[in-house]
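Chain lettering (A, B, C, D, E, F, G and H) follows the sequence in which the chains are written, and residue indices restart at 1 in each chain.
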Amino acid sequence: MNRDHIRALLDGVKSGEVDSEDALEELARLPFREIEGARVDTHRALRTGIPEVIYAPGKSWQQIADIVRTLREVRQDVLVTRVEPEQADQVQSALAAGVYEPVGRTLWFGPAEVATEGKGTIAVVSAGTADLPVATEAVNVARLFGNKVDSLIDVGVAGLHRLLAANETLRGARVLIVVAGMEGALPSVVGGLVDKPVIAVPTSVGYGAAFGGIAALLGMLTSCASNVTVVNIDNGFGAAYVATLINRL
Amino acid sequence: MNRDHIRALLDGVKSGEVDSEDALEELARLPFREIEGARVDTHRALRTGIPEVIYAPGKSWQQIADIVRTLREVRQDVLVTRVEPEQADQVQSALAAGVYEPVGRTLWFGPAEVATEGKGTIAVVSAGTADLPVATEAVNVARLFGNKVDSLIDVGVAGLHRLLAANETLRGARVLIVVAGMEGALPSVVGGLVDKPVIAVPTSVGYGAAFGGIAALLGMLTSCASNVTVVNIDNGFGAAYVATLINRL
Amino acid sequence: MNRDHIRALLDGVKSGEVDSEDALEELARLPFREIEGARVDTHRALRTGIPEVIYAPGKSWQQIADIVRTLREVRQDVLVTRVEPEQADQVQSALAAGVYEPVGRTLWFGPAEVATEGKGTIAVVSAGTADLPVATEAVNVARLFGNKVDSLIDVGVAGLHRLLAANETLRGARVLIVVAGMEGALPSVVGGLVDKPVIAVPTSVGYGAAFGGIAALLGMLTSCASNVTVVNIDNGFGAAYVATLINRL
Amino acid sequence: MNRDHIRALLDGVKSGEVDSEDALEELARLPFREIEGARVDTHRALRTGIPEVIYAPGKSWQQIADIVRTLREVRQDVLVTRVEPEQADQVQSALAAGVYEPVGRTLWFGPAEVATEGKGTIAVVSAGTADLPVATEAVNVARLFGNKVDSLIDVGVAGLHRLLAANETLRGARVLIVVAGMEGALPSVVGGLVDKPVIAVPTSVGYGAAFGGIAALLGMLTSCASNVTVVNIDNGFGAAYVATLINRL
Amino acid sequence: MNRDHIRALLDGVKSGEVDSEDALEELARLPFREIEGARVDTHRALRTGIPEVIYAPGKSWQQIADIVRTLREVRQDVLVTRVEPEQADQVQSALAAGVYEPVGRTLWFGPAEVATEGKGTIAVVSAGTADLPVATEAVNVARLFGNKVDSLIDVGVAGLHRLLAANETLRGARVLIVVAGMEGALPSVVGGLVDKPVIAVPTSVGYGAAFGGIAALLGMLTSCASNVTVVNIDNGFGAAYVATLINRL
Amino acid sequence: MNRDHIRALLDGVKSGEVDSEDALEELARLPFREIEGARVDTHRALRTGIPEVIYAPGKSWQQIADIVRTLREVRQDVLVTRVEPEQADQVQSALAAGVYEPVGRTLWFGPAEVATEGKGTIAVVSAGTADLPVATEAVNVARLFGNKVDSLIDVGVAGLHRLLAANETLRGARVLIVVAGMEGALPSVVGGLVDKPVIAVPTSVGYGAAFGGIAALLGMLTSCASNVTVVNIDNGFGAAYVATLINRL
Amino acid sequence: MNRDHIRALLDGVKSGEVDSEDALEELARLPFREIEGARVDTHRALRTGIPEVIYAPGKSWQQIADIVRTLREVRQDVLVTRVEPEQADQVQSALAAGVYEPVGRTLWFGPAEVATEGKGTIAVVSAGTADLPVATEAVNVARLFGNKVDSLIDVGVAGLHRLLAANETLRGARVLIVVAGMEGALPSVVGGLVDKPVIAVPTSVGYGAAFGGIAALLGMLTSCASNVTVVNIDNGFGAAYVATLINRL
Amino acid sequence: MNRDHIRALLDGVKSGEVDSEDALEELARLPFREIEGARVDTHRALRTGIPEVIYAPGKSWQQIADIVRTLREVRQDVLVTRVEPEQADQVQSALAAGVYEPVGRTLWFGPAEVATEGKGTIAVVSAGTADLPVATEAVNVARLFGNKVDSLIDVGVAGLHRLLAANETLRGARVLIVVAGMEGALPSVVGGLVDKPVIAVPTSVGYGAAFGGIAALLGMLTSCASNVTVVNIDNGFGAAYVATLINRL
């Protein structure tokens, strides 16, 4: 239930199109809805202006479908993250709705065309092809949260010419998300090329001493570039969430 | 050497007050100055609009004084961080200049009153008295980088009434820096109260299983609040740097 | 073999209803019973007033059934923890007995209605839906050990309003169990709201820097609330066990 | 400011001995007092019935003396923990008050004889002489918080006869605190001998693979005795705090 | 090819029963035999008086069968460790030989009755039923290497009465192997009860903070009992190997 | 108080030289003596045939002197380990006795010439000069516990010729102690050269990735030589203790 | 597209055999080729004189086949590493080309006979049969990159005679790759026998305290032999790559 | 004692200038010299063509002086590393010889001008001023071992323009040493710019999540540039040693 819907409801009451009792009933359903095993917070979108987000791992497709249905009933847009293809299939079938993007594993219930609310562009930069799932999650989330997004892939630090060739795109962004696994050096290099906030996302890509993303995480936390902050390993969603908040300032 | 100084120089040339050759000479000293053991990057302020910053640990007071002198010669504002009191004393004596703040351990060479360039207020929130040095570093840096700053101290999560009492201050900020040691839970709680970007700074405060800030660092990286990003342990400077960039957007 | 049964046995002897030799025989089976691969301690219930507990992982359903059968023969109540659904099915079929609760994965052999022996209420508080299995294990164990239990779910620290709304429940408890994964901040916040002992249970919920529960564990060990003690990751059983001991004091 | 003092104040008002305005003034100073760098929470004793506690490390003796003075002005009992001998000396001189115990490093401002409020006895058991500082902190805190305390020292698991000889003391306690470094096995053994809650305190005693208390901490968290909960490394205070809460139930 | 076989060979030559050339041929096959992917060291048994041992994980059953066949051809006894049941089945079928023990997962090619060469008894003590596979591996290996073995199972430190009841067995051993997971406290307690060498084997039994055996390993390395040495996690074989060497002294 | 002393006492009683009451008095002082902060176990030497050992770190020289005095009064031999030179000086002055060896930091109170009780020779092998303190502690302890000792120093794995030149010494030992820091490879190499038990002692020698002995510890625990067991980092004493037990078998 | 092909192209233009426009077209395809999800860098071979290498894990066989096809179109040799047998099968079928070696898991698209470009021999030494996959990867890569390779397998440090027997081979190499798991001691021993650069490859072979290669990695980093450098765990490819560069000097 | 000296000795014998007995005596002093606590290997220079190196930490200045004197007596060049200024002073005074370089902390006993034996140039690249001690150690060692050295300082990845400006120097080197702390990204970037072997040296520079060099170490081990190998944290010496071996090929 977003602001526009509430406004429409109140306008309807004012104009007489909507019965006061019905509006009351609908508004009263705010703020919580109890469904088994979780309290769904139906007025979060109202509070933050951002769709409700469901993290799929550990939930059955039935649980996901139930939460989505509850939220859709109060006209809330819903984004489900980390959805496996079969899960997505089952939820889409059950609800006869939803758009799935398989690389970033996002499942979206909302308008096909999301209105742009961010003031500038978010650049999503990633180091290797193995980082694509995390980078694509960031791209999808940023777009569905109303931002223009520029995506640069496969621009690792061991091939600087590719990165330098994209200098214009980097400098054109209002906030940047940089995704890298292994040694996680890309945010430092990108951070040195721009004077905008850089959100670094370590990925669990790599083997051996990469330790499931620890090498990249430590590298990003100790970056010699001062404009870098860090989110959890593989947390493309979180990076896009914060970038959205910054881009709306 | 900041933008204003260059503009003044060019205006002087235009008006005939400054000899072209002299201006050329001064500008030519950009971008590097070699001093022993380091290349001082004298046009960083120009590039990022932020004063040059020197990290004191591991440098002798003579090295610090040399770098500051070189930068002041080209009219660059300079901030030195993590300066111990005696070090500060020696540098101040040598240069007959500089303002030292002993809690946040910053040493400043620039205008007494820094012009506000940030669009809103940065809130710096800290959990315990032991976190004050890091929080104060963030406060000092944010102010010297041209931001209005609101500081909330000693508002730990085990005493929620203090935090909730400050709700207005929290909601009034455009970007927040939250500093906490031990379990590092404060950014999660603050992150749930606001819909602005929160930069979390883990501190090395705590003993035993705090492991010099690791407990707080991991807690912040895995925060259940989506609007939190993280910087290195005790990195109050870095948090203020990024907050400044965001506040100028 | 609990105290009541022994008392009944002795009363029977006194009244002549039970033959002395038979009673002797039954009592003589205390304290151990050897079954293949384990010594079953049949007088633990007598000693601690708490049913015998079997930890299922690593045991075949046949081994579980054998131990349960041995204990039931001496009239001991038995609780099996961490039982997978199929395992439960097989043991229930083999013994034609047992009540299984699938979320907390407990399998119970004892009275349908357990007599309340705890003096007050144990509150079990959990942060997210993914923590439900551990929280439910704690709830089930606490109930089957004879306590009144209040359960609060999905009250994470990033949504304080839910937690504060439950203030009365929190303050009404004699001892609290707080279950949380990720940054594990909930025990600190709950610990600040009550002046009763809080037993914190870190869960392995979370990814990346959650490191399978380490982030939550460290957070809880370094809690700024002084009334918090900690048990092993995912150890809902242990928390309920200690809470039971405290609630009987 | 404890309950008794407020009651006396109110009784004084009732009887006319205390002027209403003066009483108001004094009560109004609740709940906070701002002193530089910290908000002193003067009504905590009122809320929890436990004296205010100050953690000394990282504070100058002047800061400690200031906080103590502020609290004593509102008749609050104060306990300072982890106080080094010289620090203690300086604070005692400045305030002309305070009782220092050098092994457990506690500094006490309150009645010489604390009234017993705990219902039973707290046993504090420690493994080696090197664990004495932590064990003594627990003993001191438990006593100053109004508990009867039994102390058993140097009863390590490699010399079981000593431990078994103390069986009566162990079984006589209502709650037990077990302090151990190195492999931290003592809580498991003690936990098997009693059916009361055991609070385990790992210490940083040991070298090499003891890793500053990590070995003991992990050992206690994975104890095979179910009645054990754990606090942070060297946290004798926290153990005594929770034991006090339990002993008042 | 053990000492007895060589002696028999040489006796045969002396007596004329064996042709010198044939003996030469057989002895010449010492010391190595090349088989694909490994050099089989056929005179190790000769050198150490202990059968050749093959570690099964990572080898296909064909590879195992090949190495065993090569060694049996030169009359070497062979022990294969960590063999899964199906693997054992396949190797036994292929070679029409071998005795498999499924708990300790050992597969033996040698005399049904191994001659006792150890001077005293090796006691193998284990803490819980989950430690049985590792303890049984130690028991099997020690027996097949020619030792008398006493096995004590399920004698954890939280139930001291069981351990103390076995005091005679413990004191009767010439060398002890103590197997424990979780907090790994058993070697410390056993070490305090005997004045013989104790070889501690941490197991990967346990969850959460047990960290796959790290808790037990650290506990054993920091044991307060001085007669304890440690082998790798789950290394029942190594413990039995060293115990054998000691028992032959 | 060792066996010989008790025997002499009893012989004296038998022959009438010692008054029964006096002997009783002296024996009655067994088994404990309470001194402040510790129970001194005066019959350990009787039980294990090994002198009492005091670990100096964390004890004041007065505490050490007190414990030694108490033990000497009952004619017990005493070994103090990890004694700093000044500490040794002070204890020696106070007691007018004691022999100090500064490299291994042992302080001995007992006969100048210790009777040999071990059946064979213990070889102590060390890798580098920096390992000498730990190796020398092992040498001293082994000698004072009644063993013949062969010491091989500076025989690292990167200079195999030195090690191979000492082959005879290695093979002549009944049990070996191998001391190494850094990568800790020496026990594996030595273990391959002998068929006797090898006790590996990792040292905290090394920098960077040596992590204070962790690299060596892990290397020794995962040694490819099966005759290796491990003690704690820098624990030369423990290795000598176990080697003594083995050498007496 | 290697140097020879470009030279041939240019010679063709010079001689008139190749149309200038066609040559231009072909050269213009340098340096990048965009294929879905990756930019293929087609002039790397030109730049480094080494074939393009594709790391298979995380890529579908279709993705691998696409990249190989693109590169083969511009006459580039291609090596795919860490290819599972079924993957190899599918790629080979799809492209009707490629040579697969199953132990080292390499898939090669290039000349059957690679011209030798290295000046000397690369020795690849490995400790145990379980290290064979990594060692074989190094052997395959080194050969396909144009080096003569000597391979020594199963020469662990616990059986020095095997290693010393290969002394000539070791000393004949211009650069050595030493592969070892568990304690990773082999590079130290080999490093002491030669005065050439040794590249150490830790493997994830081993269990328990081997921690997936950490023990070997730390051992190699802290090697007492000064001629050792280290690559990532299991990184046989990287070792061969650097050895190739060194061997071409 | 280097090759030239032996050759001169032999030439002297041939020409009659040196008495055969005297030459024999001098040569016979090879290969070892026993001095207290260490065997000095006087023929290492002969074997490897590289001066003897002494690692100063943990040695007294007397020990250092003794070893140097012994080696100088047999005309061996000696390099002492990690020498503190006062130590250097004392050794220089005692021996009336030696050249000390205070940044890299090397103390040299040998010819003022070392003959160049390396075939090309070694480039030493470092990221920040705090890395200078380690980088300078590498520079000094490489020069004293007979290499031409190019040194590039303060060329961090967050300021790519400095690094790219030095492209010619980078490409001119035969082998490169890259020194970096914090996130350790520099070797990846440099590795991408050259096709020569890169030896990466992580430094302990940085705070918090730098963990004393672990972040840099992991970053370098997981580098996306394939031409990078790694040495221990702060091991500038080791890097120069291997670079020397490579540069002599």
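Keep in mind that, in the parts below, a contact is a pair of C-beta atoms (placed from the backbone, for glycine too) under 8 Å apart; a residue touches a chain by one contact, two chains touch by 3 or more.
Just so we're clear, the structure is a prediction, and the values are computed from it rather than from any experiment.
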item: Interface sides of chain E and chain F: same vs different residues, half threshold; value: same
item: Chain of greatest Cα-centre distance to chain E; value: B
item: Rounded Å distance between chain A and chain H, as computed from the means of their C-alpha atoms; value: 51
item: Length of the line joining the C-alpha centres of chain B and chain E, rounded to whole Å; value: 62
item: Chain F and chain H, separation of their C-alpha mean positions in angstrom; value: 39
item: Overlap residues in chain G, where contacts from two or more other chains coincide; value: 159, 208-210, 217, 221-222, 232-233
item: Contact pairs between chains, per stated definition; value: A-B, A-C, A-G, A-H, B-C, B-D, B-H, C-D, C-E, D-E, D-F, E-F, E-G, F-G, F-H, G-H
item: Chain G-facing residues of chain A, complex; value: 129-130, 132, 153-154, 159, 161-162, 205, 207-210
item: List of chain E residues in touch with chain G within their complex; value: 32, 37-39, 41, 57-59, 202, 204, 213, 217, 232-235
item: Interfacial residue positions of chain E with respect to chain D in the complex; value: 127-128, 156-160, 164, 182-185, 188-189, 191-193, 206, 208-211, 214-225
item: Contacting residues of chain C [partner chain D, same complex]; value: 47-50, 53, 119-120, 174-175, 195-197, 199, 217, 221-222, 226-233, 237-239, 241-242, 245-246, 249
